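To keep things simple, chains are lettered A, B and C as they appear, and every chain counts its residues starting from 1.
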Amino acid sequence: MKERKHINTLISEYFIFVIFIALVIILTCLKPSFITPGNLVNILKQASINGILAFGMMFVIVAGGFDMSVGSTVAFAGILAAMLGQGNYPLIVPLVVSMLAGLAVGIANGVGVAVGNLPPFIMTLGTMTAVRGLALVVSGGKPVIGISAQYKAVAASTFCGIPMLALYLAVIIVICSFVLAKTVYGRRVYACGGNLLAAKVSGINTTLIRISTFAIAGLLAGLSGFLMTSRVTIGQPTAAESYEMDAITACVVGGVSMSGGVGKPWGVVVGCLLITVIANGLDIMGVSSHWQKIVKGAIIVLAVLIDIKGKNNKKN
Amino acid sequence: MEYVLEMKDISKTFPGVVALDHVQLQVRPGEVHALMGENGAGKSTLMKILMGIYTKDPGGEILFDGKPYHASNPKEAMDMGVAMIHQELNPILDMTVYENIFVGRELRKNGLVDKKAEIEEAEKLIEECGLHVSPKETLRNLTVAQCQLIEIIKAISVNAKVIVMDEPTAAITEREVELLFQHIRRLKEKGVAIIYISHRMAEIFSICDRVSVYRDGQYIGTGDTASLSEAQLIKMMVGREITDVYPKLSAEIGDVMFEAKNITRADNKVKGVSLAVRKGEILGIGGLVGAGRSELVEGIFGMHPLSGGEIYVNGKKVKVSSPQDIIKEGVALITEDRKVTGLNLSGTVNDNIAMVAIKKLLTNGLYNKAKAHKAAQEYIEKLNIKTPSVDQIVGNLSGGNQQKVVIAKWLLNEPDIIILDEPTRGIDVGAKRDIYLLLGNLVQQGKAVIMISSEIPELMGICDRILVMCEGNYSGEVQREEFSQERIMTLASAITV
Amino acid sequence: MKKFLALLLTGIMVLSLAACGSKTEAPANNDSSNAPVEEPAEKGAYKIALIQQHQTNAFQIAVTEGAEAKAKELGVELNILSADQDAAKQISQIEQCVSEGYDAILFEPVDPDGLRDAAKAAADAGVVVINVVSVCTDWESAGISAISCGNNVKAGENEMQHVADLLGGKGNVAFLTGPSSVTDALDRLEGYRNILAKYPDIKEVVAPADCEWDTAKAQATVESWLSAYDLDAIVCENDGMAVGAGNAAGANSGIIITGVDGTPDGYEAIEDGRMTGTVAQDGGIMAAGGLEAAVTLLNGGTLENNVIIADSVWIDASNVADYK
């Protein structure tokens, strides 16, 4: 009895990983070119920006919040990076400016939520709209072209055959996992999301923790904007529309609970790879993107369903 | 130095309300000091000021170890040596035992969390407390009682000089209460002072040395428990004499009105339990927390699928697949957690009372507000609900009055069989007594009552018969004339394999 | 408290309006009394409104600029509004313009069917109504006097014809499209297929991918395609997606990559070899044509042809410098 329960928990915990492997096998059978090294490199490239956003989102969701504004922040930071990345300044300038811009948006979100007591959804819906507007104003509505070759190389170059984009993601994964799992700060992020009141009376400065999670999401959105511009070689005010949804999807599919306090970094990695593989695999098979949306939607609901079931099992 | 903690002349005013009016508290080192008073007396407010959650009004002073004390948040209070176990505070369910124990004051090594040291330390603390759980277990997998003990361990491990315990036994079983008391005694020996808040008289007299009583924000007095009687204490709390804590009204017992046979739940939390209740009878269901009592009545009520069992109302077999099926037969269930399943806290008294029996309040198929108002008014009087008006938001009422609103809501539907799950949990003496009298009145009117309670004295006081459950099984039954605490405890802790 | 808040809000709004007004370029000025025409129009000049679908890409900015230049030339008072892709908003903007007594309304319907009634009502109120850039379904019966637009089918044909010529009539092609709920996207695809029908040796090896006009999406899709398909040409319905395809394939990849629009990002990609060419549709010309037609009609004249088509131009590395 106890043994069975244990296996059940194990399956529910690693279910998403099982789905992921199954999907890879199915896709390989259907279209052998899926598994070629070239395509695997594609998957890494395509997963990287969403992956970085998803890790920022993870901090916010684990702490019990929610951030709708990251897509707009990516576009805004991307525009700034494109304007400053024309070769007039060293690359560090667009990098730092775009990250600071993201950080500012994140702090605004955090203060609104943790100090102003606004529901995260409302607060970040507001910044989502406003920051998108800011991106349009700054760019005059036009794409910003003419970024330097050096800047283009940030995303386009490879290291030993591995795209640099994937390496940036790997660095972010390592840092975020370390912070969440090993540091006092990380532990407190989980505590805030698990039970805000309990965390507060345990002497944790929950206001600061919550602001900081939004700040991290903003900072990583700024970084993503910088990389996004390098990858597409232009800064577009309309870029990254609904990227927040992809980031949230990666988190939720990866087992991060929307009610906060739960989530493992590796889950987010798998969640992110899973949605990338769906898009990539269906592209390769020539399936229309309309169908891709249906599949993606179904997987989100399925993943959350399993998440809830797994929790109930544990409770019993 | 005589006192480890002195709170002198403390006042706290909220907009429009004086919550504390120049009250005091003096706690000696190594004593267990009870704070008593009905809900709203100001005990919690006083403790929140101590913990730095509220700021006291100017004037008055707090001395800790003879020195002026000021905490502006819980962390500062803990740093100075004052810890608190909060009553309505849920632990962080998705974290492990050791993570919960050390939340907010994580052990560090090289600036990082020292997981290994935390686990070792937690293991030691858990063992000292006599609890058998792994420090790496997630709290979600523990029972409510185990979680409560983890909270206690957490407070103890702060190495505080003063520990405030707000209703620490509200959710734990008698056996665990004994463990807690052992621990409290050990803390006393070390010179730690405990401020103990509880509504349970028996506990006050068995563990506390002195007691301070508050009423309506006023300090009433302090005395040694050894020299006080229960009646004296109640008089201090309520402000009037209550001679008889468990009033038992006599009623004529008739035929079996309700019977459940061999109830087995699909999730196996209840295994083949049968019960029957007669007209005019109050049947108690006793047992430890987690014995499957709530699960039994929820199963009967159609809230969870059954894998076996039959239900008879007035001798007629009833097929129950949802609560509607059994509500139609005149059965009502007043659930344990009134805030989650019993009430719409942001609705008015009127809204809540009208919720179940809405069909009785219709005129030509439409909701008749005047009718509902009248009905609500009637039950407010009948049940002695203390509310300024029928339009008061239920969330603003005290626990006892909220409980009465839940009961009123069901009574309006005129049920014949009323099942109550822990109806007096967390409510004060006066309100408890009102509820006992109400149950007595109901059986006098020829209804049948089933009541679950964790307080054995309460069950023994007002029930005609007590059914005891243990680990999801039927463990035995005791008639009123054979009632004894030992007998019931034995049945409740019978180990079945 | 509430009053104070209201006051504060009003204050902020006034300030921000003032801030908008102080800018030299204010394409989205909603304040009708403050038309963005540099020289004040003479008294009695026609009051004309242009309602764009949105103002968030290079093409639409060209529409704004083309209209402004033409208005100045014709000496009319022009107010430019943006519907932000919202049909309901566009309808109320039209109603507002009618009640403010505009002489003519030029608009670019967000939805080809949904805007018909609003157009009809405006025309019935005596306002000259003209569609620019895109067109309402059955526009003449909706009271619309003239249309000035590109022809998306023709633009698509133009693009595909150049691709077919470059391929020498033989090869594998794939299409990147805009959302298939948009007529522009459907029309361009129709144009591609019209040409494709003439070349049996050019094969469409994968179903068209809807990349929603987005560069990053197009880039990911083409990266995936290239590991599975042997493509000779990727034909894109706008320059943004063509840039993405070009990024995925790399500069001078040997794959023909083309777009539609003629926007700066497209020109940049043509110059550095990531794109082969583009079919330019000049939104400015379309807006100017519409404006001219409106003034002719307001002056009591008649139009030789009430369908004004702005031809599309093929731009590649040889002539891109002229258009930049």
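Everything below uses one rule, namely that a residue touches a chain if its C-beta (ideal position, glycine included) is under 8 Å from a C-beta of that chain, and two chains touch if they have at least 3 such contacts.
The shown structure was predicted, so the numbers you read here are calculated from the model rather than taken from an experiment.
A.B. asks: Using the touch rule from the top, point out the two chains with the most contacting C-beta pairs.
C.D. replies: Most contacting pair of chains: A-C.
A.B. asks: Central chain, going by Cα centroids?
C.D. replies: Chain nearest the centroid of all protein C-alpha atoms: A.
A.B. asks: Compute the centre of every chain as the mean of its C-alpha atoms, then state which one is farthest from the centre of subunit B.
C.D. replies: Relative to subunit B, the chain with the farthest C-alpha centre is C.
A.B. asks: Averaged over CA atoms, how far is the centre of subunit B from the centre of subunit C? Could you give it in whole Å?
C.D. replies: Centre separation, subunit B to subunit C: 68 Å.
A.B. asks: From the mean C-alpha coordinate of subunit A to that of subunit B, what's the distance rounded to whole Å?
C.D. replies: Measuring from centre to centre gives 43 Å for this pair.
A.B. asks: Distance-wise, how many Å sit between the C-alpha centres of subunit A and subunit C, to the nearest whole number?
C.D. replies: 33
A.B. asks: At least two partner chains per residue is the criterion; list those residues in subunit C.
C.D. replies: Subunit C, residues with two or more chain partners: not present.
A.B. asks: What does subunit C use to touch subunit A in their complex?
C.D. replies: Residues 25, 27, 55-58, 60-61, 180, 206-212, 214-217, 219-221, 223-228, 240, 243-244, 247, 263-265, 268-269, 274.
A.B. asks: So in the complex, which bits of subunit B are touching subunit A?
C.D. replies: 51, 53, 73-76, 78-79, 84, 86, 89-95, 99, 103-106, 108, 111-113, 138, 140-141, 154, 267, 269
A.B. asks: Given the complex with subunit C, which residues does subunit A contribute to the contact?
C.D. replies: 31, 33-34, 36, 38-39, 42, 45-46, 49, 136, 140-143, 145-146, 156, 228, 231-234, 236-241, 279-280, 283-284, 286-290
A.B. asks: Spell out the residues on subunit A that touch subunit B in their complex, using ranges where they run on.
C.D. replies: Counting only subunit A, the residues touching subunit B are 182-184, 186-188, 190-191, 194-195, 197-205, 257, 261-262, 311, 314-316.
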